[in-house]
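You will see chain A twice below: alongside chain B first, and alongside chain C after that.
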Partner chain A sequence: MFDVVVDIVLLTFLATTSFAIMRMTNLFAIIMLFGIFSLLSAGLFVVMDAPDVAFTEAAVGAGISTVLMLTTLALVKRSKEPYYDEAPKTHTAWLPLIVVIVTGSALIYGTWDIPNFGSADAPSQTHVARFYLENSLPDTGVPNTVTAVLASYRGFDTLGEVTVIFTAAVAVMLLIGGKRPKSVPKTEGEEAKDEA
Partner chain B sequence: MKPNLILHVIAKFLIPLIILFALYVQFHGDFGPGGGFQAGVIFSAAIILYSLVFGLESGEKIIPHHWLRILASLGVVIYAGVGIESLFLGGNYLDYTILGSNQIAGQHLGILLVELGVGITVAAAMLILFFAFAGRGRE
Partner chain C sequence: MYIAASLAILVTMGLALARALSGPTTYDRIAAVNMHGTKTVLLIAVFAFLSGRTDVLDIALVYALINFIGVVAALKLVENGNFHTSDHYDDDVKEGEPK
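Then we have the complex of A and B:
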């Protein structure tokens, strides 16, 4: 019962936030709303007993990506309205509306066949999940099954993920990192003095 | 940036707690929710908060750029190195069992080292991203 109330509240907030994001034109406010959206999703994941996912969503979605979007905005934004130039409308809203309605109905139709959340005969519970739950503690001595699967059973996948993150950092460094030849080192004190 | 007393005091109070929490998530990931990915992001969040409040130059003084590059590579090297080590000891690649005296000890050591590698790379990569984006704004 309590879960249902929390779910409804969180989903209402999610819908409200996404509607606000759609209607808003101030990019700064939109970025902050994206952060709130991520935090609400993290709350939803906690209710669904997935604290590891919630953790990642809260740290990456609400934290780091908000900061990265803000720093990007600081590079490109205009200080006063209009914050951006809207492209002139070349078509009516009918075609996109039909596409959205058809796709949405197809997705909702698809949910009818999905087993209920947490039901015992769901495909996710009947295949490897049982093996991991039964064997991960005796095999690895690690009580958190998520960690056991991530680091031990699927160690190759995780090595690949770490390499992806490393590659992303290298790519960003090559594209926009480092000193550009024409830049002059800053001399005046932007650096805040530590007064304590 | 104009110094703001409230921000400075709150940030100084929060940053040690954030770093402590990151270390907890890193090394307690075997027992509770969390692990290298989350810990790395939380750790980098502490440094990013410091850089936002005290200025980018102060943040870069804590961890200079060349260090970040070394650390980002070091994490991947630790992870892949655990695999190589298990190869040398006669097992399969990334087979942790062979690392310890028994299966549990080996798995424990392997998972700990691997998560450490993940944490170091993620933290360094996030800081590289942040400093790359924020550094452009200065020019």
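Then we have the complex of A and C:
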């Protein structure tokens, strides 16, 4: 019962944060709000008994993507002050709004057929879950079933994922990281200052 | 008692959120995010004891670490204007208030 109260409060915070992110023009503040959004949703995952998802959300959403977005903001900043303000709008948002509304309606329509949360006859409970719950401990010796599936039954699949993530990380680090020579990344303001 | 504690933490999260929304300076927002992260850690910890799943405490620890890294990154950006220098050669960037 108390879970429901915490769920509702956290979801209210999430909705408030989302609306604020949509309405704001200060990009730095938006990144800060993205961090709060990740923390809130991760807390929500923990309350809904999905600690492994919350773990990923904490590491990726609150940690890595905040740093990546801040780095991107630092790289693409406007030369005009204040550099973290959004550029003025050049078009109306009707087409994206319609696309979002249609997609959202389709997704909500899709939830009508989903079995209830924790329902015993849901496909996720009746299909292969039973096999893994019964056999994963004697097969692999790993107490956590999810870890057994990810790291043992699907070990090669996970190895492929790790390779993809490693490649992406190397690419991102080449793009945004590393030391730069002082003369190369000049904005117009800096050139003007040097000439003066 | 755990329920009262989590309610108090939720109220504090709401206040931190209000500070992050209203600003007005960059440092207010960074402090609000840091505060919010701490409150999330506390909420998870209290909730772990409330539901008897104390293994969730590991996640609270990871949150504390990640929150720290995020705040340090944000402060470094505000201080230097970028992530690839430690000195202040990029003096065009104003520190502090956005507006």
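Assume the second predicted complex is superposed on the first by the 144 of 196 C-alpha atoms of A that agree within 3 Å, B and C clash if a C-alpha of one lies under 4 Å from a C-alpha of the other, contacts with A are read in each partner's own complex, and residues count from 1 in each chain.
Here, contacts are C-beta pairs under 8 Å (C-beta built on N, C-alpha and C of every residue); 3 or more make two chains touch, one makes a residue touch a chain.
Since the model is a prediction, treat every value here as computed from it, not as a measurement.
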Which of chain B and chain C A:L75 touches, first, second, both or neither: both
Partner chain(s) touched by A:T17 [first = chain B, second = chain C, both, neither]: second
Chain B versus chain C as contact partner of A:P51, first or second or both or neither: both
Touched partner set for A:G63, first chain B, second chain C, both or neither: both
Chain B versus chain C as contact partner of A:V146, first or second or both or neither: first
Which superposed partner A:G35 touches (first chain B, second chain C, both, neither): second
Contacts of A:T90 with chain B and chain C, given as first, second, both or neither: neither
Partner chain in contact with A:T158 - chain B first, chain C second, else both or neither: first
Partner chain(s) touched by A:V172 [first = chain B, second = chain C, both, neither]: first
Chain A residues contacted in one complex by chain B, in the other by chain C: 51, 54-55, 59, 63, 67, 71, 74-75, 176-177, 180, 190, 193
Residues of chain C that touch chain A when the two form their complex: 3, 6, 10, 13-14, 17, 20-21, 23, 26, 29-30, 32-33, 36-37, 40, 43-44, 47, 50-51, 53, 55-56, 59, 62-63, 66-67, 69-70, 73-74, 77-78, 81-85, 89-94, 98-99
Touching residues (chain side chain A, partner chain B) in the complex: 51-52, 54-56, 59-60, 63-64, 67-68, 71-72, 74-75, 139-144, 146-148, 150-152, 155-156, 158-159, 162-163, 165-166, 168-170, 172-173, 176-177, 180, 183, 186, 190-196
Chain B to chain A touching residues, read off their complex: 1, 3, 8, 12, 25, 29-35, 37-38, 41-42, 44-45, 48, 52-58, 69, 72-73, 75-76, 79-80, 83, 93-94, 96, 103-104, 107-108, 110-111, 114-115, 117-118, 121-122, 124-126, 128-139
Complex contact set, residues of chain A against chain C: 2-3, 6, 9-10, 13, 16-17, 20, 26, 28-29, 31-33, 35-36, 39-40, 42-43, 46-47, 49, 51, 54-55, 58-59, 62-63, 66-67, 70-71, 73-75, 77, 79, 81-85, 176-180, 182, 187, 189-190, 193
